Amino acid sequence: MKINFENDYSSVAHKRVLEKLLSAADESNFGYGNDSHSKTATNLIKKQMKYEDCDIYYLSGGTAVNKLVITSFLKPFEAVICAETGHINVHETGAIEAGGHKVLTVKTNDGKLTTNLIEPILDEHNSSHMVKPKMVYISNTTELGGVYTKLELKRLKEFCTSRGVYLYVDGARLGSALCSTESDLTLEDLPYLCDVFYIGGTKSGALYGEALVLVNDDFKADMPYRIKNLGMLFAKGFNTALQFEALFEDGLFFDIAKHENKLSRYLYDELDELGFDFKDFWKSNQIFVIMDNNLIKKLYEKFSFIIWEKFDESSSVVRLVISFKTKKEDCDSFLKCVLNNMD
Amino acid sequence: MKINFENDYSSVAHKRVLEKLLSAADESNFGYGNDSHSKTATNLIKKQMKYEDCDIYYLSGGTAVNKLVITSFLKPFEAVICAETGHINVHETGAIEAGGHKVLTVKTNDGKLTTNLIEPILDEHNSSHMVKPKMVYISNTTELGGVYTKLELKRLKEFCTSRGVYLYVDGARLGSALCSTESDLTLEDLPYLCDVFYIGGTKSGALYGEALVLVNDDFKADMPYRIKNLGMLFAKGFNTALQFEALFEDGLFFDIAKHENKLSRYLYDELDELGFDFKDFWKSNQIFVIMDNNLIKKLYEKFSFIIWEKFDESSSVVRLVISFKTKKEDCDSFLKCVLNNMD
Amino acid sequence: MKINFENDYSSVAHKRVLEKLLSAADESNFGYGNDSHSKTATNLIKKQMKYEDCDIYYLSGGTAVNKLVITSFLKPFEAVICAETGHINVHETGAIEAGGHKVLTVKTNDGKLTTNLIEPILDEHNSSHMVKPKMVYISNTTELGGVYTKLELKRLKEFCTSRGVYLYVDGARLGSALCSTESDLTLEDLPYLCDVFYIGGTKSGALYGEALVLVNDDFKADMPYRIKNLGMLFAKGFNTALQFEALFEDGLFFDIAKHENKLSRYLYDELDELGFDFKDFWKSNQIFVIMDNNLIKKLYEKFSFIIWEKFDESSSVVRLVISFKTKKEDCDSFLKCVLNNMD
Amino acid sequence: MKINFENDYSSVAHKRVLEKLLSAADESNFGYGNDSHSKTATNLIKKQMKYEDCDIYYLSGGTAVNKLVITSFLKPFEAVICAETGHINVHETGAIEAGGHKVLTVKTNDGKLTTNLIEPILDEHNSSHMVKPKMVYISNTTELGGVYTKLELKRLKEFCTSRGVYLYVDGARLGSALCSTESDLTLEDLPYLCDVFYIGGTKSGALYGEALVLVNDDFKADMPYRIKNLGMLFAKGFNTALQFEALFEDGLFFDIAKHENKLSRYLYDELDELGFDFKDFWKSNQIFVIMDNNLIKKLYEKFSFIIWEKFDESSSVVRLVISFKTKKEDCDSFLKCVLNNMD
């Protein structure tokens, strides 16, 4: 078996997540999210956020949440704005359009949106012969491993509010973003800085599952209907909630993220030392390093990872992802293999 | 904690399902269903069916599968026929209509469809000013606990084929149906007797999850796209597959069903002996018994169950569901409580 | 050419409608409804209603308006209630469901809804596992030629308001309804007695076209976007508006309806005198008479009409529709043919 | 009233179209397109095309046809490719996305697609995590007044066929394209060079209406259902058909186009002579001329037209459209006004 740097969703689940499920194996719980574990998990998350006035739902995966949120917030003629690299634009098989909405895209350098990038789109769409942009979608971390600072997010939110546009944060890798030393953003800030976001569990040690945090009051009453209507309601809601209990009762969610960030930074620094260039400076649990194609070939014998894109004729950008299962020894094996195969 | 007769999805999961997940905890697997466990589970199910020429997908829940199948098979102007009591008609918050399709309903005595009930609907819809019925949806077991015999299903399938209509079997409780002494239908028969069906895991001891068995060739190429497009693709597909491995590698799926049926039959027979009437004769792991409202009140102190419907001024139909967790002692406690509180 | 009693949309248009278009043939007008004729027609209709606070849009046909209104007012999990005979339920090829909404139906004797028929549906749908009924759809005249009185409509509206449900009146044959001697309802009453309705032009002498009158403020800002988004916006909006100018500038709309009602009442009375039975008492420009199948066969040689349904082994219900083109002589020819062929 | 160069849909209809409707005013016709005029118009168009094996439908407008065709041909996860300037991308308020489909766009210089522009999109979309491009949409004339030659269209069609992709031609201004001296394409060629196209009536002298020509056999049986399901079926189908009778019985459709092209070429040549630059060389009834903003201001007092886009600080691109109503005197007035106001 190759050592995994391919993604952060290749292992069953964190040990403590599984133990939590085992510990509840003899219980009898109410169905459809009306159980005590859903309440407990929600209280744990609210306590962590120090924010009460929101609803929390437990769903199966990121595309599901994106589809649910965007199609619940928008009317048929309203559109969502995202970076050209946004997950909803590229890698969801038209899930948002299948739900009826145009995805308006902006070219970016680093996958991050700014008010400067959004404003022209809002200004151009000024008649009923065009879609009406009504939501901004960002990912934190971005698809390219970037993170938003508190100030950056604040500016986005204020601008969105001033233009009557919703702000939605896709948090598939929110843990890594919140624990990045490159950002001062905390979970406590988020309810004030967007209308809705989700806390990714799938890529943070859960078997599956994301926690949708709905802040905007206007959509609270509809959400239970929408979840069922989209076929996204788990009969055994408690099984998802139990996993978020495990992630939030003793800080496991953040411990996993810190572990990932620490190791990815280590890997980044060592590769930097060895003279490698990167697509961008280190930010989170994904790093994008430029390597010679021959070296990549050698590494690929022992390690799994994704070749992100061609860099030039002889080299490519390689994506390395650190997961909760990655060990320092894995990184050292990788670095050793690099050293042994450099010209 | 009350003793549960409310449903078959109130417990985390069967012990052996959880053990299976634990046993794979150190593995690294490919994402999105491209893993070895998905292959293994699929091979186990195909072997059990003695049928190779089908595709199997692992999904989150029953409404998800219903929405996926029906909206993938039908064009926008095509409709699905089901019993008025059909789950897709009553309890899915318009999931099928939200996907664009009319649900045409038939009144039935017992929740089961027959060619006699379907034919008039097909005949009436004879112009492009009306929807075109193109699929028949049945549940086995039905929402009222009924089961289809092999002959009944064969007749339905032949009729559907003769009229160019697809037949889809919702198998949320397929295990109980296949292990009912009231039906000779087996899993081996199913691929020949419908276009598509699913094997319910959620109500058969899994944490969550249903196995969609796609037999009709015309929709095989589309299905991976549709699953992603509907937000229903698990990143960690192996976690669902592992559960179906546990259910099918040593016959656990059938053992659970037999256990449920045996106990529900026991409960039925004993209540019958005590003079109670039922909505219908015993068929599967759900029984519907008519009880005096005062007795119901007493029972409700110790047992959880659903009052299905009013029977007359003083009595109601009570639904009792046996799950993999139910023990003979639970049934005996219930019977004892009945005895103690009968007039 | 047979004499037409088949429908009220078999002739090109009323002479004065065509003349109106001709009179404007040399003009140059703004596109997409931003023209002076749209303003004029709207002012004429508002003046006739003595009601200013509404928006009026000119659309192509009844199913278009039904689809537009219902899918604009409802969220994906919300449903519309109508009579089992309702046009949206039977004869629109699933247009409403294709727009995402369940149509909940009520059996009625005469195609008319009452609060007694609606209330149980609202009461039953009490959880997020079921659709949420949010609109009541009625037709006036109904699909069976019936009409609502002012009191009947007032009671419906008050009930709908008390339950937070919208009331929508399909006015494909609104002219005939408003001019029926069996109803005291006027166009002035309508804005107060529903949230939205349309004034049918197609069946009242126009080439095509319906005037949607939107009273409920909540949907006014969205409507231009929705119309374009559904592909329903005419580039030459003035051509539809010109026709409504013709219909409303000198009362032509009402004159046509009165003409139709008068002749249909004449036909009804004469047939009544001859001893025929009817499905219902006369109300509007459609009458439903029970005739012997042999007589029907004879009549069908000279006259076009629809056999609505079988009555018994030897007789059927025949629908006779009076249009703006029907003359008294046509009715007399029909009556004479009846007389000559009665046993 | 200003002289109109704003668009080709500002006049009621061509005199002969109106006369045709008048000539049929005393007829009684079958509803919903089952009338003799629909047959006649279809035969006229088929005869003109010298092509029998296609179905023709008469619809209300361009966005309606685009929505109908694209959502009928594509499955929910399939996408349509068009130029960034494509009408479906920019000016239909998300009609295609509301129907469930992603619009994939390509930057072009002139609004025209080539195989070189399309191929990379087809190649990139190679997994079920992305939409599947399945249709190419072009406009002829393009939104920028361009036209396709027979060879250009042939190459596109062959490429599309080789890649299993449908080709759809939006013919809102097809008349002008087919009569352009810059293209050798004829109506006879079209059925062989695409799967489906429409012949625009709205911008060619009709009151409203487009003729959809469906060549691809796979979608013929569905089309009547889809038209009704989308609310696009006219009750008085004969009124649309009558207009196409007028346009095609004596070549009026082509006469109008030739008239428009001749005058637009005249205007182009004269402006060229006066030293003006253009966005592109003359092709059809739309010309895009670069003018000083002061001159534009002056012209705008007497003439209506659209300022297409900013050119530089002191000048803009002006769109001038010639319609069937435009006279040589109108062009001369315009030219005179230009002359009088040039520096």
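Per-chain numbering from 1; labels A, B, C and D assigned in written order.
We adopt the following convention: contacts are C-beta pairs under 8 Å (C-beta built on N, C-alpha and C of every residue); 3 or more make two chains touch, one makes a residue touch a chain.
Note that the structure is a prediction, hence the values are computed from the model and not measured.
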- Message: Per the definition at the top, count C-beta pairs in contact and tell me whether A-C or A-D has more.
- Response: A-D
- Message: Measuring between Cα centroids, which chain is at the maximum distance from subunit A?
- Response: C
- subunit A and subunit C have mean C-alpha positions lying a whole-number Å distance apart equal to 52
- Item | Distance between the centres, which are taken as Cα means, of subunit D and subunit A, whole angstrom | 43
- Task: Among the residues of subunit A, pick out those that touch two or more other chains and give their numbers.
- Result: 76-77, 92-94, 98, 128-129, 225, 228-229
- Report the residues of subunit D in contact with subunit A in the complex, numbered from low to high. 76-79, 90-94, 97-103, 128-131
- Within their complex, subunit C touches subunit A through residues 32, 71, 75-77, 128-129, 132, 222, 224-229
- Task: Could you please specify the touching residues of subunit A with respect to subunit B in the complex?
- Result: 1-2, 4, 7, 9-13, 15, 18, 21-22, 24-31, 60-68, 92-95, 98, 202-203, 207-208, 225, 228-236, 238-239, 242, 304, 325
